[in-house]
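There are two complexes below, and they share chain A, which is joined by chain B in the first and by chain C in the second.
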Partner chain A sequence: MNVQLPGAHRYIGERTPRKEDARLLTGRGQFADDVRLAGMLHIAFARSPVARGTITAIDSAAAREVPGVHAIYTQADFSGVALNVMNFFFGPCEAPVTILADGRVSCVGDPVAMVIADSRAIAEDAAALIEIEIDEEDPVITLADARGGAPVHPGKDDNIAQEMGDEDIDEDLQALLDGAAHTITRTIHHQRIAQSPMETRGCVATCDGSEEMTIWISCQSPHLVARYVSLAFNLPETAIRVIAKDVGGGFGLKNFPWREEVAVIAAARLFGRPIKWIEDRFESLTASSHAREQEVTLTIGFDADGKMVGGFGDYSSNNGAFPMGEDCNVAVHMFMWPAYKMPAYGFVSRGWYSNTMGLGGYRGPWAMESLIRETLLDDAAREIGIDPIEIRRKNLIYLTDQPNTTTFGIEVTDITPGECFDKLLANFDVPAFRKEQAESREQGRYLGLGLAAYVEPTAAAGQMAPMTGELATIRIEPTGKVTASLSTHSQGHGTATTMAQVIAERLGVNFEDVTIFEGDSAIGGFSPGAAGSRQAVIAGGAAWTATDMLADKVKEIAAHLYNANAETITIEGGMVHIEGTPEMSHSLREIAEIAYGEPARLPGNTGAGLEAQFRYQPPPFTFTSAAHACVVEVDADTGFVKIQRWISSEDCGTVINPGVVEGQIAGGLAQAIGQVLLEDMPYDARGNPLAATFKDYLMPTISDVPDFEYVHANTPSQTIGGMRGVGEGGAIIGPPTLVNAIADALQPFGQIDLLELPLTPSRILDIVESRDVSGDAAKRAKTEAEAPAEEATAEVASSSGETSIDGAWNMTMKTPAGPQEMVGHFATDGGNVTGKFTSDQGDQEFEGTVEGSRVKFNLDVEQPMKITLKYDLLFEGDGVSGKAKMGMFGSAKTSGTRA
Partner chain B sequence: MSDHRIELTVNGRKHGGTVEARTSLGEFLREQLGYTGTHLACEHGVCGACTVSVDGAVARSCLMLAVQADGSEVTTVEGLAEADGTLHPVQQAMRDNFGLQCGFCTPGIVITLASLTGEGKEPTEQEMIDAMSGHICRCTGYQGIRRAIRQLTSETA
Partner chain C sequence: MKPAPFDYVAPTSIDEALSALADAGGGATILAGGQTLMPLLNLRMSQPFIIIDINRIAELKGVTRASGGTRVGPVTRQADALADATLAQHVPVMVEALSHVGHYQTRNRGTVGGSVSLGEPAAEMPATAVALGATIEIRSSKGTRQVPADEFYLGPYMTVLEPDELVTGIIYPDWADGHVTLFREVAQRPGDFALVGMVGALELSGGTVSRSGIAWLGMGPTPIKARQAEAALLGKSLDAIDPLAIAELAVADTAPFDDHHASSEYRRTVGRRIFTRTLREALGLKEAA
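Coming up: the complex of A and B.
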């Protein structure tokens, strides 16, 4: 795939210094807060100080008196604004999101009122004077609260935002687990994370007349923001221009505009002057979307040899009140096994609402799969009595095992987790380490080695609305210099450099002569930008092909102009050469001047100018593989962890720029270290966020992060150019690698049975001193004692009461895609039932059995996929409840009332 | 709120302005003087993004008030490179070593490192790393910054 033009300069694979750095190092970047417009006003929000309740009064009289205040808005002022707040997939939010709190507050930090003033300082002064009276209710804060507590959103039956899978383990899987030689179960409680890009969120919006808008926003894709704003406000997209030249980190938080940014845009439209909002760090920590708060329990059965025979995972995430995606993170289960041979897997996954700030995206949102799997594998190895290396070698996928299809239907054909793992071990002397570890233990020093392997799905395209291709438009300007307009966006990703490397090498020009334009919705075309480790793969492929198309055009023109055969023409160093006639070289500028200025001299079928455009739509997924090792020393007196060594063995296919690739891995690993050891965004029982500054929310600093070592394997992918994504991997593989190292170091003291993150010094001392130093055990005991008895789940069992089943029933089925309304018509005849469902999808007929008031039947559906739904319903009085099993997607709760 | 007239030199140029007593130096530099290279990322003295040099000593411009800088000589990230565009050795080392990604933390980091590498100063690698512990970077994992420090200390060695 990566065919080298003879003699051409290689840029792909070079550690080329970044083009972006010249402006960023000299203070000439343009971040959202650097934008100043004539007449611009500033916003501050007055936010809810309580987690849950009804707003009884908002008094802004005193605030209005503050000189410099222009307006104070509450939700009532926006009542005329038709707004459709969507999730990342442009799907509807089930719990409708308003610009400001609409009568109720659902978490601390919920924006209630907005002050527009001459300066941010004045706006804050006034916001502090707004009196918000709230009739406070007991909040639902933790996952345990959410399971039994009153619904966060009035009108909902419970706090389940989304549920997939089936909590009942399927009989065949249960038999496999029962028959396993070893069965290991582990649970992890993962803390809440604040994404904390160094540049907080921010936005400047201006209406240019009644039809146009310009928005500068700290985001991950100006195109996605333009599309989102257009759909959310029902405005023609052509009238919206979104600019984000420099963005100080996104990490998933800035995937799309959320409440405050939407509010700023709405306010600019309503008030008619340019409006700026720059989030401060207090808001960023407590009122930006959070990430990760989740619990998972995984059971794996192994045969006597240590090979996996089956597994079951139960996952829950605490999504908060208004999450950016109200989902149950089914990706955790989907991506648990592509790197391993796992013959059977069942799961249940639930996303829960609570009265906390909503969750948003964060680097590797499904990362829990690697954390639970890799830590469990180490525990299993200890229990079975084999080495953690052996258990992985027995179960990892190697190239020789492929193609392989997971229980989720994900086919892998070219991944290298096993090879990366072997390569890692070739670069780390494990026996020497074990010797050192044993000697150190005798001196009271506790070293540990952590190993982990995984694959990362990258460059998703073609299956979800925003996840699509990338566009490259490349021009050789009349000056002979090359410019490219791309749909990419960088929040530090270095796309202006890597894309220029691809173009320079494929075209045969100097890297210095290529300029990339991006970061503006008016440039390039739609793409979700930096989301899902996709730009190097997809935009790289787009730039690759567009450049080849352009090179072909140059050759065709040169062949015509200079009477040569196109095959004999090469481009190198910006000069066009004709084989065998070195004196016949021409500069690209010479050809460009003709192409633009004298098109009559061009061959008949080539249009004027030197431009090419290509939109690349890659395969649905491109997998990146890796294995990591790290060595730690745990201080048994203090509980502090010192990371001594960390090696990454990564296969991301064609590497465009190792400096950029390693930067992505390192950044993710630093975040992983923060997650495992430091970062925590806890709430108290009343729902107050307890980390409000960087003094409470501990970010990893240079002294927490060691030097990383890299081993690159390069198995080209099947995409154009052969790249594989690498943006999220460090954050996915880092946590298990580090946890495994710590657990290994702590072996002389015992096991980590329930992993609660972060592993603070006091939690490590829990194990070293085998007592409750952290207080976690006491806290758990208290929660269990206080936990409200879980609502008995509607049991599907025969009921004795006489119920007439016959007739029509209004029914709702809770599917992963949202509730499906339908009318069920039933006619019983002894032990048989016939009937049909009528919905906006048309009619579907069924036949089944009746036993007492329990009805069972199967229904074959074609949409959205071919699947047999197995219904099991219980009729009682005027109500019906039960579920429909949906194959590997678990079951959908179904309920209804007599029509 | 009381207003105060202040005068100071920034990157060798004289500036004056009227500020509220509560205005931080960082806000004044950005909002009134247009030196937007200085970034405010926490405004509570932890992250180091806002670091500038005041009379030769580094200061967190989010914690220092503009009125306190009256009469001072301030250097911001805009003032480090030569007039002809040649980067300061710290800036060059950061560029050579992929010391930045998004660049938001970078202005404070280069000011701190530059303050350690002036004439006659021979900081050790560990001294520079210690100085860096007062800066937060969310993007890089500090790898390029460590390499830049090594390049700088081997240059001065």
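Coming up: the complex of A and C.
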């Protein structure tokens, strides 16, 4: 697709130095805290010191007396403000979220009051004087607590925040697993991560008059923030401008404004002066949305050769009290298999509320799929007695296997996980390593090799409200220089450079003459910005086509002005050339001056000026493939892990700038190393976060992250330009690669049966010494002994009593989108039943079968998607219970009473 | 900066500093290198009424030879101490331990006295002072006292320093030329406080151990002096030393804790191991068959 003009300068694919680096490296970036406005006041939050309870009193009297304090707000002060705190999809949160605690506190760090003062220091002085009385309750902290514990949110039946899938394994799948030659089950407990961007959250908000607002915020998309604020405050008429020129890391935490940032905006509106809040590191670690805490158990059946025959995954994640949208992370299951031949897969997935800080998106939110799959594959290879390379080659998807459709209905046509894996192995001498490994073991040195492969869904567009296309508006200014206004946003993504590379090459101008404007909702158009590994793909495609449109216009004008055929015109180095007549070359500036200043000279149908605009809507997903290898040495005396070598073999299609691609991979891998070896945000039993500073929260540093080696493959995607996203991959593939290397190194000692992260030196010695050095086993035994008895399942035996099914029933179906109320009308006739559901969605009729008091029927629905619901209901007395299977999305519990 | 309000004085002499301390009546905090204090102020984990900045007191800086020892002024920057020829000659293990304190950048500002007097139990400087039998010189407006390092530490971040007292010197006693130095720690990242570590010195005369000083870091609420191990080594000839048995004795004196970085069992297990290995390597002992 990347057709070159003869002699044109290549920028796409060049390791071009970044335009923004001079500014950033000399301390001249503009971050949220660099914004200082006349009359600006500062906020500090008073936060809950306890994890759970009812607020009985808030006394701010002493705090108000502090000189320099202007106002102290609690949730009551916002009671008159119509404010809707939404999730990423602009939808409601299941458990309603208020900006400040509304009568109850649900986690340590829950914001209870906000102080507005002349300085942050004064605001903190006053916040410390606010007396919050709380009638404390026993908190629910861990996933185990949440499963049996009292509901975090009053009025809810349990702590399930979201549920999809079906815990009962389908009969057909069970038969496949029962018939498998080898069945392997593995469990992983992944610790809680504090997102820890280099720049913490921060926001400066000012009302310009009663309707307009300007907001500087550390975010991932100024456009998304503007849209969110407009919807959250129901201000469709208000002009909201959001600016974020430079941002020091987002990772998902800054996808959209959350409680504190919304509170700052609300306070600025209420108080009427510019207000700033910059999160300090203590708040960032303990009160910014956390990530990852999750458990998964995966079972895979293999045939005698090591080919997968079926699998079942059970996933849970700790959503905390107020997640940034309840989430059972169904993407873990959706994206577990596109890279592999997996004929049958079932799952159940649940998000659980707890009295901990809420969960937010974090680079590769579904990354657990690769961690559990790739670590299990290694274990399976050992059990089956084949090489980890062989088990992958037997099961990975190659180009020749495509098109292929996963059990989730995801069709892949052009992914290259198998090819990336082979290319990786072509660049790493495995037999030589195995020899070195064997020799080293003789000397008491334990080396290990980890391999992993995956695909990363990138550039999602068109299926979720915020995940749109991208817009590029490109202009040749009267000076002949090129400016572009884009919907992109950079938190270090280098879009000001990569987009300029695309434009310079496609237009035929010098890279230095292209300027990118972004980072301001008044520039470009809507997009979610740096979210979901999308900008190179979608904005790159938008810039590509808009530039081509602009080049066509230049050629049309030049052809007219200079009496030439447009086909013979080329643009190179900012000069317009006519084939065969070098003396007729003209600069873009000359043409631009005419286009702007003397439009009468332009061809008839050409408007004045030189600009073009294109919004690119790509395919719903574009997959990037990769395979990684990592070599570690484990010190069996201390349990320390030293990473010796790490190779990435990735295929992200057309590479605009290898430096930027490698930077993305390296950053993700650094996070992966942190997750596997260092980072941990534990809570104590009372719900106190235990890593409140960087002394205890261990980020990977330069000495923990090796120099990575990169092998690029370039299979163009089907998007304009052929790019594929690469933003999250390192964080997804990194953990299994490293864990597999450590597990390989530990083979002389034993298996990691239950993987608990991070793999601290203590946990590694558990394996080396085959005893409970870490104390984890003792802790697990204690937890199991104390666990509340499992709720007796409401298993209703096939009732022998006479139950009349006929008539009307008030029924509720618990769907992932929330409970759905309906009235069921049933009429039985021998072994058959007919009836209909009546709800605000209208009537839906059905026919089915009756067996005793058990009724089964299918119902085809069109909304929200075409799907057949398979109902299986048991009637007993005046009650009915059962479930409706929703195809690949699992089943919805359905229950009711006689109307 | 967003600390709680405080007053600030920057005396230029010890006497001025001491009178400021006395006047503060317990509400003062000493600012030396600030590598711990400044973040604590910002996080409001420390809220002094007055900060007494001792960076301008020349008499608190520098390394000098004292009778029978080497005296380090508390405001001596860690980077300067690392480059100091006197320390390298007379207190080599202190210099080795110092290279593990913080990071290259923080050592330009951080001071030896700050590290000694903060009392972090997993830090290198307190354990080194305890191991070598250093004396902490402490002054207040009432007078001067000399406290042996192993009596200086009471608990995590707790020392015998009274609110009106200032550390004015750390005196490391001389160990015989050519004495054996012991140092090893394991820390998750370079610059971190150790999960477990040990530091010490041995004098040999006529092939037997004539003097021993060893302490643990990260193995209890304070630096822990390995008294049983020290005693067991005394008078032993090299070929009679069983490093593992000595390490077992050393571990017996500890009281390590569990945290999310390492379990107490890990600290004991690895402590025993690094102690054995360090002793064996330092004394050139062969590994038991």
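The rule is simple: the second predicted complex is superposed on the first by the 864 of 899 C-alpha atoms of A that agree within 3 Å, B and C clash if a C-alpha of one lies under 4 Å from a C-alpha of the other, contacts with A are read in each partner's own complex, and residues count from 1 in each chain.
In this text, contacts are C-beta pairs under 8 Å (C-beta built on N, C-alpha and C of every residue); 3 or more make two chains touch, one makes a residue touch a chain.
None of the values given here were measured: they were computed from a predicted structure.
Shared-chain residue A:670: touches chain B; no touch with chain C. Residue contacts after overlaying the shared chain place A:34 against chain B, while chain C stays out of touching range.
By the touch criterion defined above, A:609 lies against neither chain B nor chain C after alignment on the C-alpha atoms of chain A. Contact with both chain B and chain C is seen for A:703 once the two complexes are overlaid on the shared chain.
In the superposed pair of complexes, A:21 makes contact with chain B only, with no contact to chain C. Of the two partner chains placed around the shared chain by superposition, chain C is the only one that A:761 touches, whereas chain B remains out of contact.
In the superposition on chain A, A:246 contacts chain B only, with no contact to chain C.
When the two structures are aligned on the shared chain, A:199 is found in touch with chain B, with no touch to chain C. Applying the stated contact rule after C-alpha superposition, one finds that A:49 touches neither chain B nor chain C. Chain A has more of its residues touched by B than by the other of chain B and chain C. Across the superposed pair, chain B and chain C both touch chain A at residues 121, 280-281, 693, 695, 700-701, 703.
Within the complex formed with chain A, the chain C residues making contact are 1-5, 39, 42-44, 186, 188-193, 195, 258-266, 269-270, 273-274, 277. Interface residues of chain A facing chain B in the complex, by the touch rule stated above, are 15, 17-18, 20-22, 24-29, 31, 33-34, 121, 196-200, 246-249, 251, 280-281, 491-494, 659-660, 662-663, 666-671, 693-695, 699-703, 705, 707-708, 730. Chain A contributes residues 119-121, 124-125, 128, 280-282, 637-640, 677-678, 680, 682, 690-691, 693, 695-696, 698, 700-701, 703-704, 760-762, 765, 769, 772-775 to its touches with chain C in the complex. Here chain B touches chain A in the complex through residues 20, 22-23, 30, 35-44, 46-47, 49, 76-78, 80-81, 87, 91, 94-96, 98, 100-107, 110, 129, 132-133, 135-146, going by the rule given at the top.
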